[in-house]
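In the two assemblies presented below, chain A is common to both, partnered first by chain B and then by chain C.
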Partner chain A sequence: MNFLKWLSSKGNKLTKQEKDPELDQTIDSLLDQMKASKDFIHFVHNKGSNNMYCFYFKSLVDSEIIHRDILPYVSDEITSLEEIKANVPIEKIEITTDIKKIQNQLLTGSFLIKMSERSEEVVLITAELKQSREVSIPEVEFSVVGPKESFVESIDTNINLIRKRLPIPELRLDEFQVGKLSKTKVAIFSIEGITNKENLNTVIQRIQDLEIDTINDSSYIAQLISDNRNSPFPQIIDTERPDRLASVLAEGKVGIIVDGAPHALIAPTTLVEFFSAFEDYFLNWITASFFRLIRLFSVMFSIMVTPLYVAVLTYHYELIPKDLLGILVTSRREIPLPPILEAIFLELAIELLREAGARLPTKVGQTIGIVGGIVIGTASVEAGLTSNVLLIMVALAALASFTTPVYKMSNTIRLIRFPFLFMAHLWGLLGVAICFCFILGHLLRLTSLGRPFLEPLYPPRIQDLKDAFIRLPLSFQSKRPVELQTEDTMRFNSKKAKEKKEIDE
Partner chain B sequence: MTRSICILFFLIVVLSSCVNKEILDDVRIATAVGFELAENEELKVTAVVPNYMPDKTITNEVATETARINKEAREKLDRTKSRPYVSGKIEVLVYSKEISEKGLMPYIDSYFRDPTVGSKIFLTVTDSDIQGLLQYQYGTRDNGMYISDMIEHNINVGSLPTTNFHDFLNSYYAEGKDPFLPLIRQIDNEIKIIGNALFKDDKLVGEIPEDKLFTFKSLMDRKTSQDSITIEMDKEKYAFLHKIKSNRTFKFDNVEKTKEFTININIEGLIHEYSGGKIDKKMAEEITKKTKEQITSQAEEMIKTFQELETDPLGLGEHVRSHTKNWDSKKWYETYPNLNVTVNTKVKLTETGIIE
Partner chain C sequence: MKKLQRTVNEKYMVSPFLAFFLIHSIQFGIGILNFQGKIIERVGNDAWIAVIFGGILIHIIIWLIFKILIIGNGDLITIHYDVFGKWIGGFFSLVWILYFWAIGIIVLRTYVEVIQVWMFQDISVIFFTITFLLLVYYIVSGGFRIVTGISFLGVVIPAYLLLTLIYPLNQTEFRNILPIWDHSTTEILLASKDMTLSFLGFSTLLMFYPYLKHANKSKLWVHGANFITMFIYLGIMIISLAYFSQKHLLRYHSPTLTMWKSVELPFVERFEYVGISSWALIILPNICLAFWAASRGMRQLFRFSQRKALIGMLLFTIFPVYIIKEREHIEVLNDYISHFGFYLITCYLPILLVVTYFRKGRRKKH
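Moving on, here comes the complex of A and B:
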């Protein structure tokens, strides 16, 4: 930890004293600077008596707007900037002398008009070129039933997707610019009267305080505003489903959307939420609860099965049931490696395949990777490098880790298996227990926006268990989670929801 | 955080070889151990180890050594083998009759001292030559597993009362209760349960033959099910009664004065086979009566034997102790041989089969 501090402090000393380059700029020097770029267009528009000087980036401005909505209205009668503002049928027109504003507007797609060569005052007409991918089906959080739209890279489209789902005036949107170079727009969603002010302010404060040059994705923000940045456990959920974001906003959470990122962030969150897929809410509560339990079991299985194998085979042969003894001994008979090396060999093989599969261009690559894994595994069993019992276990553990709905969490599960494995080799089941205590201690200390990460379990909140390991029917979900400390705790009237109305009543 | 990580790292470095590794395929996992007396009062220990062959068959590997005490024999055996013996998977301990008559405790000691040995393993007594008994391959597995499975299924659905290492030690240490163990014998390449061996403390004093096992189990266990008895009817006709369930209760009041003790056995069963043909209502009553007579007489006779041998496998003393204030074991042992034990048996036939 001290080493990390030393590293970062050393880095700070090396940076030069910052200075704002825009301070001593004039509008001419700014325009000259921009003229160096080939895509910066400047021409003199003269119709009749007046010369008008026009400037814009052709790569940022929609030329159709210029030709249809701007130039035809800038005719010879016009003598002042105010008249332009009055004539041009575009709602976002500004007259300013502020260099900083002019620079920002030009760089986000505005059309600039000056009345004379030397004038300081300019008019800025917004003619932004909006280019974004079509809203497509979610790929990471795919669900068989339910809505099939996912966020795209454009922040406006994403905001639109949320506004459509929550058409209420209370839906509040705070927008900030983050990144010295990238000037990335970051929008924070909350619902007034529901979202806890403290949570919202924490997010706003952390985002305002960010000191970074570029933000390329929402995951940057997620890493930077997490409570504990050194934890392998993600403390903020990212989702690509607008329906999920809308539903958690209604629960009282804070949503963060970043321009250029097709993933929104949700905070605060708890550990169990990482194991609930949004599809759980589309299914009947019994089926949904069953699959949730299977998912939780598979997580435990995925983390524990190889360490237990190593621990039992190295230290605790007494634990093996007598009918299993023969199978295990026969499969290990010809293997020259001790259980730990055998397990690490197979685990690494699977990790390699997963990593290679993720880098392959298509999703097919992943499937081929796993199939390849089984083939390599079978070959290594035949060559006598690993036992086939372990091969089955490792393959099942890999499969089980895929059931985690949030990708970041499944990466964490992949990682924390290894400390367990080493401890199992060192001290057997005792080592596994010690390692488990460390992980549990770490989880207990974790917070998400200052709210406890292990929430319905510790501190125990019986009420929040309604949507943790099992998902009770929707009519039981009438109260917002205690964890979020919402201003309005009631979602709807549970009595009315439970009433069954007959049709002829 | 930094400190705890440093401590952990330190522990890993310092303690990494403190735990003794016993990798599954680098040890010789004994499944059965037999004890008999060799000449000049030495102990002859026979260990059975399953040998898992590459073609997935299991062969029975047996090694014998004589020594003064058990662990010395193991140490001697280790010196002859490529991998060391471990005792964590022992399923059966077999003792010869001579040893049992001398007293079992010195030969059990090393096993209940060892935390890796389970308390659910089986102890047995045999009158066959132990090396020969353990040498022969009976099933497709090693003999430890074979004998253990044999005893286990005879406890579950046969006529062997519940018995294991824990029960043995419990009966041994309890006041007013004596242990018993299953008695096995090798008969022409077969291994067979031939009855129960009765102990007084840890010394063998008597036997229960196999045809009385049904009654013994009904007397021993508070609730039993799933075992069978052949009832001898008159004129060489036999009925085969399958017990569905039975329960046994003790009744006594102020035993030391009255010397009266009552055992009630309720048996519910059905007829699986009858060599006399059709069973009508009268016949069924007849069978019920005969069964009752047979069990009652066997039981009373058995308890007489127990009293003569001054052994108490049923744990009557233990039962009385748990219901009496200021129970005196000395006094009880004086009372026990003269105790007047009555057995009341109730038999109920629920079914006689579908033959019309």
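Moving on, here comes the complex of A and C:
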């Protein structure tokens, strides 16, 4: 930790004192600077007696708007900027002398008109070119039933997706600009009267305090505003589903959308939330709870199974009943490696396949997975490098780790089995227990926006267990989670929802 | 130099019902593995009566501790300071701090001993101790909420071990317990005294009381914790009396562990390995709470940072854990510390209550 701090402070000293280059600029020097770019268009529009000087970036401005809505209305009768503002049928028109504003507007797609070559005052007409991908099917958080739309890279489209689902005036949107170079728009969603003010202010505070040059994705923000940046556990959920974001906003969480990122962020969050798929809410509560328990079990299985194999085969043979031991002995009889090396070899092979599959194009990736899995697996067993019992276990563990609905969490799960493996080799079952204690301690210390990460396990809040390991029916979900300390804790009237119909009435 | 802290920021407090887990987790530690021997040596088949008496005695002492804390309104160190003044109070505080520290050391050493006997004969004691103490540091430095958290999880997660008590039931002979009250009352009372030694550690309540929200409400939970502890001890005592013959019981060093041998699952034989490993999570809150209480005491007494006190104490723990090698030494040390603790709570605390009452309680009424 100290070393990291030292590294970063050392880096800071080296950077020069930055100056704000916009301060001592005039409008002419600004325009001259921009003229150096090929896509910056400037021309003199002369209709009748007046010359009008027009400037814009052709790559940022919608040329259709210019030809249809601006130039036809800028005719020869016009003598002042005010008249342009009155005539042009676009609502966002501004007359200004502020250099900073002019620069920002030009760079986000405005059309600039000056009345004379020397004048300081200009009019800025918004004519932004909007280009974005079509809203498509969620790929990371796919669900069989339920809505099939996902966020895209354009912040406006994403905001629209949320507003459509929550058409209420209380839905509040705070917007900030982050990144010295990228000037990325970051929007924070909250619902007034529900979202805890402290949570919202923490997010706003942390985003305002960010010092960074470029933000290319929401995961940058997620890393930068996490409570503990040195933890392998993600403390902020990212989602690509607008329905999920809308529903957690209604629960009282804070949502963050970043321009250029197809993933929204949700905070504060808890550990159990990472294991709940949004599809759980589309299914009947019994089925949903069953799948949640399966997922929980598979996570435990995925982390523990190879370490337990190593621990038992290295130290505690006696633990295994005789019949089972026979199978193990037969499968390991010709293996020259100790269990730990055998396990690491196979685990690394699986990691390798996964990484290769993730980097290659989809079509090739699938083939690699199948070919690699089957061929390498069978071959290594036949060559006597690994036992087939372990092969089954490792493959199952890999499969189990993919049941985690949040991608970042499944990465964490894949990572934390390695310390378990080493400890299992060192002290057998005891080592596994000690490692487990370390992880517990770490999870206990983690917070998300200052709220405990392990809730509702610790601090134990029985009320919040309604939507943790099992998901109770929707009529039981009448209260917002205690974790969020919302201003309005009731979601709906639970009595009305639970009211039973009288027989034959 | 810091100030004596009399009130705790509400941010760091815990709910009163968590006192249940704090008390239960520190009472229920290494003692349960081998508490039967000494008591059965004294009173044979009446040992279970001694368990009940011991539990009742602890209930009385808990009542006493609450009286002191409510009158004194603070933790042990501030009460000592207010009642006895800086020097004498400081001396008594130091004694208590050393006692808490000693609990931490001896619990850790005993656990290492169990590991040596049952799992790894040649485990590197020093390496294991350092790893374990690192874990303790990581948790205690997170603050009292985290210590409470590990106490909570240290009770809830290993609770499944209670189910293993079902297995020995197949081979029990409950007539072993008869005849009831076969020994003289004195003997039974003496055995009860021995029994209370297994309940020790709950006196850390004297240190963490200010950390409980609505501390008054926690009374019931603390008594409840003690009751549950007593109940579990009673259950294990009765099952061991019924499972072993008395001669057997005296021969085995850790009857509870031996009973685990009868656990048979389709995929696990020799359950004691699983049990002892899981025991790490039961021991951890014990040690954490002891070190927390000791370092918190240091911070209050000498007014320097608790973190430094903790680091210092952990470093000085490595040494005794390493030099105590013989099993007999561990047992003797265990004995000394428990007896010392016993006299602290049965003789010193009543005196403290009386003095506190006269110095603080009466003044309040006028």
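Rule of thumb we're sticking to: the second predicted complex is superposed on the first by the 492 of 505 C-alpha atoms of A that agree within 3 Å, B and C clash if a C-alpha of one lies under 4 Å from a C-alpha of the other, contacts with A are read in each partner's own complex, and residues count from 1 in each chain.
Rule of thumb we're sticking to: contacts are C-beta pairs under 8 Å (C-beta built on N, C-alpha and C of every residue); 3 or more make two chains touch, one makes a residue touch a chain.
All values reported here derive from a predicted model rather than from experimental measurement.
Enquirer: A:Glu134 in the overlay: touching chain B, chain C, both, or neither? Say first, second, both or neither.
Expert: Touch partners of A:Glu134: none, neither chain B nor chain C.
Enquirer: Looking at the overlay, does A:Glu117 come into contact with chain B only (first), chain C only (second), both, or neither?
Expert: So A:Glu117 meets neither chain B nor chain C here.
Enquirer: Which holds for A:Ile320: it touches chain B only (first), chain C only (second), both, or neither?
Expert: In the superposed model, A:Ile320 contacts both chain B and chain C.
Enquirer: Can A:Leu440 be said to touch chain B (first), chain C (second), both, or neither?
Expert: A:Leu440: touches chain C, not chain B.
Enquirer: Looking at A:Asp213 after the superposition, I want to know if it touches chain B, chain C, both of them or none. Which is it: first, second, both, neither?
Expert: Neither partner.
Enquirer: Considering only touches as defined above, state whether A:Trp427 meets chain B (first), chain C (second), both or neither.
Expert: both
Enquirer: After superposition on the shared chain, which partner residues are touched by A:Glu91: those of chain B (first), chain C (second), both, or neither?
Expert: Neither partner.
Enquirer: Which residues of chain A are in contact with chain B in one complex and with chain C in the other?
Expert: Looking at chain A, the two contact sets intersect at 315, 318, 320, 427-428, 430, 438.
Enquirer: Give every residue of chain A touching chain B within the complex, in rising order.
Expert: Touch list, chain A to chain B: 1-2, 312-315, 317-318, 320, 322, 325-326, 328-330, 332-335, 338-339, 426-428, 430, 438.
Enquirer: Mind listing the chain C positions that touch chain A in their complex?
Expert: Per the stated touch rule, the residues are 14-15, 18, 115, 119-120, 123, 128, 131-132, 135, 138-139, 142, 145-146, 149-150, 152-153, 266-270, 273-274, 276-278, 280-281, 284.
Enquirer: If you look only at chain A, which of its residues touch chain C in the complex?
Expert: Contact set of chain A toward chain C: 315-316, 318-321, 324, 427-430, 432-434, 436-438, 440-442, 444-445, 454, 457-460.
Enquirer: Could you please specify the touching residues of chain B with respect to chain A in the complex?
Expert: 1-2, 8, 12, 15-16, 19, 21-25, 27, 29, 31, 50, 52-54, 56, 58, 86, 88-89, 91, 116, 118, 141, 145, 148
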